[in-house]
Amino acid sequence: MPLWLYIVSSVVKSAIVLGVLLTAVAYTVWLERKVVGHMQNRWGPTRVGPFGLLQPAADGLKFLFKEDLTPPHVYKPLYIAAPMIAVIFALTSIAVIPFGTYITIDGYNIPLQITTDVNTALLLILGVTSIGVYGVALAGWSSNNKYSLLGGLRASAQMVSYEISLGLSLVGVLILAGSFSLRDIVNAQGGYFLGFIPRWNFFLQPIGFFCYLMAAYAETNRIPFDLPEAETELVAGYHTEYSAMKFAMFFMAEYANMITVACLATLLFFGGWLSPFNENVWLQAHGAPQVVLALLPVLWFAAKVVVFLFIYIWVRGTLPRFRYDQLMAFGWKFLLPLALVNLIATAIAVAW
Amino acid sequence: MISIHLALFLIFGVVAVAGAVNLLAQRHPINAALSLIAVMAALAGEYMLLGAEFLAAVQVIVYAGAIMVLFVFVIMLLNAGVEERTEGSRVAIIFGIPGVLLGSILVAWVILRYSETEAVPAGALPGAPSTIGQLLFHEFLLPFEITSILILIAIMGAVVLASKPEPAAGGPSKKLATEQKVND
Amino acid sequence: MNPNLSLWLIPVLPLAGAAINGFFGRKSSRTAVSTVALVFSGTAFLWALTVAWRASSIPLPYQEYLAHWVRSGSFSVDFAFYLDQLSLVMLLVVTGVGFLIHIYSIGYMWEEPGYYRFFSYLNLFMFFMLTLVLANNYLVMFIGWEGVGLASYLLIGFWFTKDSAASAGKKAFIVNRIGDFGFLIGLFLLIQHFGTLNFTQVFDQVKPLAVESSGAGLLTAIGILFMVGACGKSAQIPLYVWLPDAMEGPTPVSALIHAATMVTAGVYMVSRSHVIFEKAPIALAIVAIIGTLTALFAATIGVTQTDIKKVLAYSTVSQLGYMFMACGVGAFSAGIFHLMTHAFFKGLLFLAAGSVIHAIGGEQDMRKMGGLRSYIPWTFLTMGIATLAISGIPPFAGFWSKDEILYKAYQTSWIYWLIGVITAFITSFYMFRLLFMTFFGDYRGAHVDEHGQLHSVHGPDLHRDDAHGHGEPHESPWVMLGPLVVLALLSTIGGLVGIGNHFEHFLAPVFGSEYPQKIAEGSGVNELLLMVISVILALAGATLAYVLYVSKPELPEKITDRMHGLYEAVLNKYYVDEFYAALFVKPLIGVSTSVLWKGVDRKIIDDSINDAAEGARHVSDNVRHMQSGNLRSYAGWIAAGSAVVIAYMVWLGVGR
Amino acid sequence: MVPLSYYLVLSGILFACGVAGFLIKRNIITIFMSIELMLNGVNLSFVAFAAHWHALAGQVFVFFVMVVAAAESAVGLAIIIAVYRTRETLNVDHVNLLKL
């Protein structure tokens, strides 16, 4: 592949992914409001556009034009840097996530992924996620507000704790795939059990998936693990002192993280872009255009991600918040041992 | 012409050195911690250049993601402030910085003067996770097990040291959780 | 292939007895203590007999190697034993007489506190004496040499609560040290010049050397130094002064250590080193002169002593002089022969004296005895035999050995002979004086009514609780009389082995055969004449004693009155002790006090140590400020140190 | 292509900065971070040497260094908390009871 094509394709891919991602973030917010609204027997946003579809745009505009207040006794450099750190690292992790197979342009296979297939993609995502803690923690500390500080402390402790369970829950999948490469992991899930059940890791690793989901919810500070921003205790937690675009950045970071988690869940446990049905073979046999063949997996991928986002919102609308000690006890005394048992069982099974 | 490899090396190197110097210059521990994170991230980049992908990832996850989080956590917990200047510190600065400068210049000169100038190609030694794992669980199994015991001891030691003199009944403290993270 | 004689058992058995009694004796009954002591020393004696029997069938000398001791460069010393005819004789004498005295001691010491201690010491002495006798090199011999000194010290000071006993012990020890000093220097000379202390190796190297007849040389020096050591141990002029004082110890100790065995160690050592002495005529002459003079000198003192044990002590010194005289004239086998017979009769004399003392409740002054013949007939009988033996009346043991010595002395020089014969006359006189004063005439002592009162005035047996409660002198129990009888028997017939030079032939492998040939040359008539002269003189001495102390008891007073000055001098042992005190002890104490104690010890040693401590305190007082407790200063020091190391490495690298 | 010595120089500079930080910093946490900086400097030379000598063991060493550093910082920070609890200060110059 010539260098220019590499650069051009990278730039184009980055632009598309970023655009899609930000839009997705915005519409996840809309989706959440809508779903939660219906769950709570109300309508959610309805006024702006049909079904309130333009609501995200209105919100964005509002954030942009609101006055950006900076409280007087904050530690300014970090106060400003914190939301940036949060959003940057939230968006970075999407870079290594593959959305589909390849597009062939002029004889060159261009992977549907911003970077090339990195051998240690999963590790990079974990690393970037763990760095994401700094955004929350620094925001809480630099605000010079005790609620914020408590929120920041809670967030860092919580995220650091659940990161272990998160990592361990993935090791089972890694053992099955034998690689850190997300593409390899997805490809390892091709095929069917008994001819019709997709060979997804979910069916092999149900406990692993459960652990992953719980840890991921905690990592993203979502209900029922949203202690860092528990409004009944800490006003708004680490972003109490933030407003306008800075506040929006935290919001974006949170939803971007949700999407990353959903993508990972899809890739690791639900076959990524692989279809549950065998329609690709059928389509190829019937001479479907190449573009369709290339984009159909992306569609499958997106569909699965949306399902996960819906589950996120569903959980939010259903479950109450943990108490902090319950949260820690759950993480250390239940989730970690469970993930370990799962790991050992998987290792033994594979060794057999 | 500077190769991309050298350019990347220089970029990461400059970031690392800048972070290190900033660590010295900053008086607030949290800034120092952030500088150190920058150094570590830059070093992860250097590791990538040297082909040590796994180490680069571990560097980020363990150092930047766990150890430094722990530092930041403690700084926040103790609400560490700007360090005050004292007589001793001035003496240390007057003698320490020139000494260190002199020392590093000397070492650098010696290394550059006397070491072989054989170049290290980018990604010269692919430190893939699988090969590292092979090595770790075969040749270095005993050290690996010993370090795991070390970590276990460190966990218990940290819990004992950091727990309040009167152990509170009930679930694990926040501290416990944080220390345990190091096990990653 | 040499048979294994297990020589090591002989010394180790008494050591075991000493250890058992020493560690557990305090809590044990007297019966148990005596059983242990007797069993171990008796077994040693039996084993010695076995060894003697088996030794007749194997080639001597026999060596037994036990362990390394010193390994330093080419110089090495082993724990090893050596058995030849000489050590065999000594072995039998030591274990045999030692065993008899052990038996005797049971009766004699029964009432004493510290009974176990006594037997522990006694067994310890046996161990060291046997080590001395069996050693195959000078260093192991020296262990025994020092060990018997230690045991002697402990036993002399057995009644350590009594001042005179304690100081007598110290005196013995210190005087012995002077002798040991000479011995040690002799050993150093041996090491320096021959590189070994092993008897056989030393003698093999000495044998080819020329006789130092023209002037004094290395061997002469070694010989004289050895003689100094022997003088100390065997109580010869000028170091004899400790032996009379050693009589403060219990009588069995006097018999065993200060008559029969330990004091003869010097004679043994000189005989053992005969190869060296034979090459050094001057040293040999010195031995002879010292021996002769001591014999005469001690005998004259013996005439005036009234303490029964002191008389015997001077007699011992005198007899040892005889032995050295024999060695000095090259008649080593005669010396050893006399050593053996002397062990019998002098041991007997002391034991009998002990029996006498026992009989009259601790009295030692002969002036308070007399007429004991009828009270203690067995003691009288045995002591009479011993007296006959020491006086040289045939056919008792002393006659044969003394005659042998006098004959050999005559062959070397008639002066030795003359003095020897005069000494024999004096010996006969004072021994019969002792016998007559003790057993004849009327009992002059007080009848003991109140227990202990009399004892507190006299005698070393102060602590004895006189449980007999008698008013009359009484015969000793058979446990004491038994050894007396056995020794009397030996004193009677022990000399017969010397007839026809049997003993000399037996020892010939050790001492060589040159002297027997000389004897063959000498005329038999001459020997018979000398024999007759000495017997006549001995009988004359006995007769004189009878006249002075039995038939005309008032005569001695007159004589002493007339010869007042001389008598006083002799009575006070020629003022030798006082002379030594003035010449050595006082200046030594003065110098020690003024120079060594106040000068060296206080000013130099103490002050230097104190100053060093003070200085260290000052320095650390200043240095400790470096230890500021400031973490970063520590870090600075570490950094500076590592910088130095790095700089050094760099310099190494650059300078390469 | 980057010569090995460049990596070594970079590692040396980082190490020297760590030493300097250890010496001139007063805050005990910062001092701790300086130690981590030194460890990182050493790690870099390990990795560079591993690449240079084609010996993967160097990377494994770095792995161990990281593990030990993690244990060390856990205990160290716990100690710092304990010290702060009793001394109410993080300035090492004020924590100087370790003297006569």
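Order as written gives the chain letters A, B, C and D; numbering starts at 1 within each chain.
Please note the rule applied: a residue touches a chain if its C-beta (ideal position, glycine included) is under 8 Å from a C-beta of that chain, and two chains touch if they have at least 3 such contacts.
All values reported here derive from a predicted model rather than from experimental measurement.
Number of steps on the shortest path from chain C to chain D, with steps defined by chain touch: 1. Contact count check for B-D and B-C (C-beta pairs in contact): higher for B-D. Centre-to-centre spacing of chain B and chain D amounts to 6 Å, using the average Cα coordinate of each chain.
One inter-chain figure worth recording: chain B and chain C are separated by 84 Å, centre to centre, where each centre is the mean of the chain's CA atoms.
Mean C-alpha position of chain A lies 34 Å from that of chain D. If you average the CA atoms of chain A and of chain B, the two centres end up 28 Å from each other.
Annotation for chain D: residues 19, 23-24, 26, 93 touch two or more other chains. Multi-chain contact residues of chain C (touching two or more other chains): 630, 632, 636, 639.
Of all residues in chain B, those touching 2 or more other chains are 54, 58, 66, 70, 75, 77, 88, 92, 96, 99, 103, 107, 183-184, listed in ascending order. Residue ranges on chain C touching chain B, taken from their complex, read 630, 632-633, 636, 639, 643, 646-647, 650, 653-654. Chain B meets chain D in the complex at residues 3, 5-6, 9, 13, 16-17, 20-21, 23-24, 29, 32-33, 36, 39-40, 43, 46-47, 49-52, 54-55, 58-59, 62-63, 66-67, 70-71, 74-75, 77-78, 80, 83-84, 86, 88-89, 92-93, 96-97, 99-101, 103-104, 107-108, 111-112, 115-122, 124-125, 127, 131-132, 135-136, 139-140, 143-144, 147, 150-151, 153-155, 157-162, 175, 179, 182-184. Residues of chain C that touch chain D in their complex: 624, 627-632, 635-636, 639. Those residues of chain D whose C-beta lies close enough to touch chain C in the complex are 19, 22-24, 26, 28, 31, 92-93, 95-100.
Across the complex, chain B is touched by residues 75, 77-78, 118-120, 123-124, 126-131, 133-134, 137-138, 140-141, 149, 152-154, 156-158, 160-161, 163-164, 167, 178, 180, 324-326, 328-329, 331-333 of chain A.
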